[in-house]
Structures are given as C-alpha cells and as structure tokens.
Amino acid sequence: MALRYEEAIARYEPSLGLEVHVELATVSKMFCGCNTVFGAAANTQTCPVCLGLPGALPVANAKAIEYTIAIGLALNCSVAPFSRFARKNYFYPDMPKNFQTSQYDEPICTNGYLDITIDTDEGSKDFRIEIERVHMEEDTGKSLHMGGATGRIHGADYSLLDYNRAGIPLVEIVTKVIDGTGRHAPEVARAYVSELRDILRALGVSDVKMEQGSLRCDANVSLRPIGSEKLGTRSETKNVNSLKSVERAIRGEIIRHAELLNSNQRVIQETRHFHEDTGLTTSGRSKEQAEDYRYFPEPDLVPIAPSKEMIEKIAATLPEKPSVRRKKLQEAWQAPDKEMAAMINADVLDLVEATVKLGADPTRARSWWLGEIARIANERSVAASDLAISAADVAEIVALIVKGELTDKLARQVVEALINGEGRVGQIIQSRGIKVVSDDSSLMAAIERAIAAAPDVAEKVRGGNIPASGALIGAVMKESKGQADAAKVRDLLLKHLGQG
Amino acid sequence: MTYMSSISRDDVANLAKLARIDLSEDELAGLVKELSVILDAVARVQEVAGSDVPPTSHPLPLVNVFRQDQVRPSLTPEEALSGAPAQEGKRFKVPQILGEE
Amino acid sequence: MIRKSAAEMAKSLASGEITSVELTRAHLDQISRVDSQVNAFLHIDREGALEQAEQVDAKRRAGERLSLLAGVPLALKDVLVQKGIPTTCGSKMLEGWRPPYDSTVVRRLRENGIVILGKTNMDEFAMGSSTENSAYGPTRNPWDLTRIPGGSSGGSFAAIASFQAPFAIGTDTGGSIRQPAAVTATVGVKPTYGAVSRYGLVAFSSSLDQAGPCARTVLDAAYLHEAIAGHDPLDSTSINAPVPAVVAAAKDGNVGGMKIGVIKELQGDGYQPGVLRLFNESLEILASLGADIVEVSCKYFDYALAAYYLIAPSECSSNLARFDAMRYGIRRGEGSAEEVMNATRQIGFGREVKRRIILGTYALSSGYYDAYYGSAQKVRTLISRDFESAFKLADVLVSPTAPTTAFKIGEKANDPIAMYLNDIATIPTNLAGIGGMSLPSGLAFEDGLPAGFQIMAPAMKDDLMYKAGAALEAELVFKWQGPILNLAPKLGAR
C-alpha cells in the first residue's frame, strides 16, 4: 500500500536542491561559429571545434558571457572579478572531447537569491531561494539508440550520434539547499523554476522551452526526520522537463524516500530518471562511488575578468523584474490574485499584456486567454503561445464583440477556427457566414413570438421578476440559432415588457 | 606534507579504468614499477610549493579573449563524418552505450 | 642547390635562376635517395608539392608579387593538420586519418607560397626526446644512423640535416625543437608561447606546446618565424601584438653591449664535458664580440623537470581523451562503446603515451591534485620568477641545449627518467612561456657529434635571441670554414 504524501510529510522534512540548465539563445555555439538553430539535419552544424577534432581550439562567445552575467545579476548574484573555465573529464560518446568545458571552483556568478510566492489554502506564502552559483558550460551531442525493442538505451544494439547540439552554450544555475518548505516543497520548486523561466525569458537570454530541452531541471531531494539536523541521503532526478513534472517528480521522490525510510531501508545516492507517463522515477547511475572528474583549469581558454564598466553596462540593460512587472500589471488590470496566478500558471501573461496593448479591455483579454484558448491548449497539451492565435487576433475579436458584431458564442467559433488554421479573423467570419443578428425589427418579431408562446412568463417579468426573462431570451436565441446578440435581446425584451 | 608515492597494481588498474585503457597484466606490472620511480622523482615539487605561492596555469597573463556571436560556416556532414570508423544516415555509428550520464 | 640555405634558394627563385618545380623535384629526389636510411618522413605529398610549386611558378611568370619564401619547399611535423593529408602524430591511433581542415600554421605557409613536401616523423603525440616513440619506426640521425636525431621533432630535423628540405616546422613542449636541433647541428627556435597559433596543432600539453621553425641557419629560422607567427583569432592563447622583427635582428647579428646571462644551474653535473667545452668556447666568442657575460642563478630550475612531468602528463591525459574510436581514427575490439574505447586505446597508444596518460590521470585525481598538479603549478610560478630576476641582470640567458650529444637508438628506451633528463635545460622556458633557440656550438671532442647552444629571451623579445644567435653563428661558420653540416657524413652513397 503506497504511502500518502501527507503521511510522508508528517514525519519527514524535505530538503531540495535544484540545478537548472539553460541553453542560451546565442546564434552561434559557445566556443565556435556553428549555428545553434534547433531541429537542423544531423551533423550539419558541426566543425573541428565542436567535433573535438585533433588540433581544434575553443574561443569563448562574448554574447554567452554577457548573457551569463545578466542572469547572475538578475538573480542578485555577485559577479566574480576573475573566473575560469575548467575541464570536467569523463568519457561519454556524446561528448566529443571526452571532457566538458565547464566551470569548477571559479564560477562567474555566485551567492544570489530569488524570491518566490506560492498560493496555499492559508493564503500566499513567500520564500527566498538562495542561489549558490551560476556558471557556463557546453551542451553535449545527442544519441539515438537503435535496435532492441524499446529504442531506449538499454537493449539497444548500437547508437547514432548527432553533434549539432554539442557545444551549444549552457548556463547552470544551482541553488543552495532549500529548507523549511515542509509540505510545500513540490510547489516551491515549481514556483522557483517558473519564476526563473520568466526571468530568463524577460532577459531574452534563452527561449526557455522545457519541451525542447532548452531549459532542463535536475531536482535533488532528501528527507530527514522532523527535528533532526542532519540532511538525509539525496537522490538526483534528471530529465524533468515541464513545470508540472518538477512538482510531480519531487512529490514522488518524497513519497519514495519516506517509504524507504519507514521500512528502515537506505536511500541510495544515485541519479534517477523521471518518466512523464507514470510520474515515477527509475534508478539511473549510482553515485555512491563519486565519479572523479579530475577538474583542472582549461589551458586552451584564458580567464574571464569582467570590468566594472562591462558589468554596469549589462546591469543597465536588465529588464524589469517579472515580480515587479506582475505587480504593476495586476494593479493596472485590477485583476484578482487568483486570476493573476492562473495567468502565470497558464503562461499567458505576456499574451494578455500584448492583447491589452492592442486596445482590448483587460478583463475581456484575460478571460479569453484564460478561458477558451487555455482550454484548447490544455486539450492539445501545448502551450497557449504555441497555438495559431496571436494577441492581435484576440484584440481584433474583442473589438468586434464590443462593437456588437460578434457574440461571445460566435467569437468562440472564430477562435477555434483560427487555431485550426482556417485563416484570419475577417476571412473566417466571411467563409463561415458568421453574422450577428442585430436587426432590431427581426429581433422584435422573434421576441414577440416568444412572448406569445409563453404569456405567463412574460407576465412574471412584467411584474418585476427579471430573472424569469431568461427563458424568453433563451427562446429568442434558439430561434436565431445563436446568431443573435444575447445582451441586445435582453435589452429589447426588458424594454418591451416595461422593465428597461 | 610530502606524499611518499607508493602506487599499487590496483591503483594503476583503477587509473587505467578512469583513462579508458585496457592494460595487460604485463603492462600493469611495468607501469607500477615505472610510475613509482617517476612519482618519487616528481613528488619533489611539494618541497617548494608553499601556500604563499600562487599557481600558474596559463603562461601568459591574458584575460577576456572572446569572439563575437556570429555564425561561421560549418563543415559539411560528409566532411564531419569523413574520419568516422562507422556511420549511418549522416550520423556517427557507435557500439551500444552502457550506462547513462 | 639543396645544400643552400632557404634564403639563398628564395633568391635563386626570385632571379629566375631556378623554378620552384625544379627545386621541389630536387628535394623529392633527395628524399628518394636518402630517406629509406633516415626515415624522416611519414608521408610524402609528391603530387601536392609539385602542384603547389607549379602554382608559384605560374604566378611568378605572370609577374605577381610573391612573398619572399614563395616556392621554397618545407617539411611539416606530422602533429600539424593539413587538410586531406594523412596526419598521424606518429601514432597508430590516427592511422589513415585525413583531417578535414587546415591548421593556422599550414594556412600561413600556403599564404606565403611555401611548398609542403610532406609530414615528418615524431615521437608519438610529441612525447619523447628521441623519435623512438613513433609507431612508424625511429628516425635516424644523419650524423650517425645508429643514433637518435632527438625528439620529438626528430623527423623535421633529420630531414633538414640530410638536405631533404631546407627548413621545417617543429613543435616544442619541453625542448622538442631545441634538443633535436642540438643533436643534428641545426637551428631550432621555440618562439614565445602564443606567438605562433596552436590552431590545428594536435595538443600534447596545451599550456606548453608551441610550434616553431627548424632550419639550417639563424636567418632561415627568422624568415620562417615571421611567416608563421602572428595573432590568430582561432586561438584564445594567441598574442595580439606585432611579431618582433626577428629577420632584422638575424641580419643585424650584433651583440655589442648585450648582457648575456649564464645560468649557473644549467651546467656541471650530468653534462658531457665536450658539450660544456663547446658551450664555453661559444661564450668566449660572444665576449670577444663585445657581449657582457654575467652569471645568473635560477635556483628553482632544479624543480622544473619534476613540475614538467606533472603538468604535461596531466594536460595530455585530458587532451588525448578524445581518441576514443567513436568519431575518427582506428576502432578495435568488440562489444560496448566502453569496451571498444578501452581496447582501441590499449592498441592505438604506445607505451610512453600510456605511461603519461596514467601519470596525468593520477596527478589530477581528487586527493592528489593539490600535492601534484597544484604544486607543479606553483613551481611554474617560481620558475617564472627566477626568469624575471635573471632578466633584470641580462638581456638573454644561455646554456647548453642538451646535456649530451645524440645517444644510441635503444640506449635509454627502458629508462624513462634518464630519457627525461635530456630536456633538463629546455623545459624551464616552456614552463615560463618564453622563447628559446638552439644553434650548433660544434662537435664534441669525445664523439665528434654535434652539440647545441641555447639562447633564451624574455616573452615577446624573440628578436634578441636571433640577434645573439646570428652573431655567434657567423663567427662559428667562419671558424668551421663553412656550414657545420659540411662536416656530416654523406648519405645515400651506400
């Protein structure tokens, strides 16, 4: 019988450590001029440097350094006046040099923090996540495991390697131990990654697409009995590539650890792999015998010593903090906390903002992005921003509604058609023959027919029972096959019955 | 403190594993002997490596050598794969990979 | 013609006295005549060389302005990649590999119209001082075919000492240019670290490796130095400053008033008496030319060899990790990727390379890093400080290049420490990143074999060693009544 989360958390205090890898949005790789565009044909974006050919040498990408410093500053880190690349030595076929150029004891940014807020049943709670370091490294190539039954690494006959991704700049952001989150640990982790993602996006340093792997999270979890000081053995869950998964993976690991500890078993220090389908982790490489990476300063690259001016220049270009920006937007839009949280969760804040900028009323803008559009996105398991509907489309639709040329119901049809790629708003209205019946005389005729069909209801309305008008409005709408503007029908009907 | 460098067969075997080199028993035995002699000779560096001496990892005092973020031509996949011991579908074909990173 | 200097060949080409095709063919003929005895070349690019020569001749006929060395042939150490031409680094590991790109040195040679005859033999991945560690057999010293030509650039120096090429490119990590120059009676220069791009130089020890000229005269070395040196944006450790005027310095050859510091620690015990005698005679010549000879002490040089044999293996253990049978080079063994890597690296690497990889792996491993690699880096600082103080007292520093003349092939093969001692005088400059030159000082009285005189200059003052070297060379050539190689036995007459 599986342990319940509540039971686990009642006995144990979880500690977290989060390592987030971000692919930087530079146009060229970290140490060579190869293109970084995602999805290119295999091995078309490689050169002697990123293939690790004998004799080739790295030269660091200035933009990647600037981006990393910007990330550090946005996370309230101090920027080291002197830092160095180091070689992390281990053999793996997807790593062309059999060492990863990374940073070790001299990272570029250290000691920062990120404040986050989560929503709980006892109201919102604030946490400060302390950042240990922000450092640069390079990505590895990708392997396809061929043969065998599963296409997975186990049981494969051989592997095929594509080094297009090898050498793409990565920034690793490592937290200090996150303690004191108690039962909120999974949500705190999620909120941290979400907030971090917003910051990175606002900085414009990465496209932060978790599903494409440009933002990846490793979650370290350990438990200790409540009241105990000593941290427990941790597991490191890799392969967590959505916000929801961060939460699920941590929750799952807390339960798994608790089960082990309850039955007096040892938690093994190891890498674990998260599986989106089951929400469970499986054992990867044991880290009991720590790998000896034999780090040493990379002799092919020279140290980085950013000048004060350089740091100040980068600091001056930092955008507003997402938390500050959100507060401003919330005030301007007069949005309730819940809705604000919903927009952040659905990742549509930017879209709503853009829609409002194009003239839409904030309430209507967010109700579209949070309502119909979010529903469809959810149904199709994609991000709202990946649907074929833009802020301009929504702004146009809202404008038509306000003008009375579309009803909400008709607008939903337009939205769906847009998402299905049926053309622009105008084209869809025309091709689908969508038209609001707003001709007063034909509406009045329909109203009179409705009253004639239900005189008793009409009488109630005349007598002041306004809610009773719903039945009559419904009848008119039915007759118009939904093409009539319900608000208008209501107006005309109530006026007609002396209640307008 | 100076390490008196005694290095065992198992030490060498372990290093060879880290360095991904199969070694025969003969090679192992030879290396144990040679490395012991060499390590004794090189351990001297500790005699003068005081804590007040900064390490030198780069012979030149250069810093901040960067390139601009510009795309440069890559090799063609044919060139990239020209030395590959085996290939398939423009990818490097390698034996099955055990263990995961 | 093949016994002339590169500078003289360049003049003959410019005057139309000879074409590059003729000159190239003459060298290819000499290679055919003598290289079966010397084994200097691993690959001879007959067609490519003649094609390059023809192109230069065509340009010259068309009246194009050509660089000074255009059309002069050269031998290239097999550690520098040349697009499409086999590059093995003297290792079985890279057998059959044809790199898809050019090293910067090769690009500069091409820009200068220099004709590349082929790739020269070397100790595997430049690890060695005798060229015995080549997977393709040892190179022999033209002065005595039973002896080593030095190393690791032994192929390049044996080639020029046997007139198979007028000059060559070598690389020097701990003396691999200067020591073979010394034992073959030729001139070898390790420029300041960062002066010549390392892009396309297959790395042995990244913080020590430096390519440089191998030649029969100081002036030829200077010409080649200027042709290949200069800033390269593809090498982060390349110096972004003008190349010192080494050709002008070699032509000047004046040591009047120059302070020449003799390093106390680099003589005495372990040095062959004949080598020391030649060294002292050279000092007397320099003094007679107006140089001011002073003695300097570099007390940490005693630790240089130990530091070097930690730093170089450490870096090499990482640099050579890429040879794993996955992307290029040979593939051996069966089973998983890991098993294939392990088997290939056992078979593909020779004994010395494996020894150094294991040693470096040890020196970098956790628990030993501080004691070994960390301490070695500190010694590096101390050696640089020694040089700094010495250069306050002297403009250049001098020593014998190698403690002995060439030893017999096989003599030291089983004694790594004795082998490592060959580099005792050359290693400090690599650790400090400064320049060093070796030029012939004469033939030792004991064995009649060549010895070398080493000149070291502060970083980016490489011109000073050319100045001093040219001065000494002029006097010695006068004394010998011609180039010292005239005294070498004739090959190919067997």
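The chains carry the letters A, B and C, assigned in the order they are written, with residues numbered from 1 in each.
In this section, a residue touches a chain if its C-beta (ideal position, glycine included) is under 8 Å from a C-beta of that chain, and two chains touch if they have at least 3 such contacts.
Predicted model, so just to flag it, every value in this text is computed and none were measured.
Peer 1: Select the chain whose centre, defined as the mean of its C-alpha atoms, is least distant from the mean of all protein C-alpha atoms.
Peer 2: B
Peer 1: Counting C-beta pairs in contact, which comes out ahead: B-C or A-B?
Peer 2: Of the two interfaces, A-B and B-C, more C-beta pairs touch across B-C.
Peer 1: Between chain A and chain C, what's the gap in Å when you average each chain's C-alpha atoms?
Peer 2: Whole-Å distance between the two chain centres: 56.
Peer 1: How many angstrom lie between the centres of chain A and chain B, each centre taken as the mean Cα position?
Peer 2: Inter-chain centre distance comes to 39 Å.
Peer 1: Based only on mean CA positions, could you tell me how far chain B sits from chain C in angstrom?
Peer 2: That gives a centre separation of 24 Å.
Peer 1: If I count partner chains per residue in chain A, which residues reach a count of at least 2?
Peer 2: Residues 47-48, 51, 59-60, 91, 93, 98, 159, 161, 292, 294, 296, 299, 301-302 of chain A touch two or more partner chains.
Peer 1: List, in ascending order, every residue of chain C touching at least 2 other chains.
Peer 2: 97, 99-101, 207, 233, 236-237, 317, 321, 324, 326-328, 337-338, 341, 361, 365
Peer 1: Give me the residues of chain B that touch two or more other chains.
Peer 2: 18, 20, 57-58, 60, 62, 65, 67, 75, 80, 92, 94-97, 99
Peer 1: If we count contacts the way the header does, which residues on chain B are in touch with chain C in the complex?
Peer 2: The touching residues are 1-3, 7, 11-12, 15-16, 18-24, 27, 31, 34-35, 37-39, 41-50, 53-60, 62, 65, 67, 75, 79-80, 82-86, 92, 94-99.
Peer 1: Which residues of chain B touch chain A in their complex?
Peer 2: These residues of chain B touch chain A: 18, 20, 57-58, 60, 62-77, 80-81, 88-97, 99-101.
Peer 1: Which chain C residues qualify as touching chain A in the complex?
Peer 2: 80-81, 87, 89, 94, 97, 99-101, 103, 198-203, 205-207, 233-237, 314-315, 317-318, 321-324, 326-328, 337-338, 341, 361, 364-366, 369, 373
Peer 1: Which residues of chain A touch chain C once you look at their complex with the stated criterion?
Peer 2: Result: residues 47-48, 51-60, 87, 89, 91, 93, 96-99, 159, 161, 292, 294-296, 299-302 of chain A touch chain C.
Peer 1: Which positions of chain A touch chain B when the two form their complex?
Peer 2: It comes out as residues 26-28, 32-35, 41-48, 51, 59-65, 82, 84, 90-94, 98, 140, 143-146, 153, 156-163, 271, 273, 284-285, 292, 294, 296-297, 299, 301-306.
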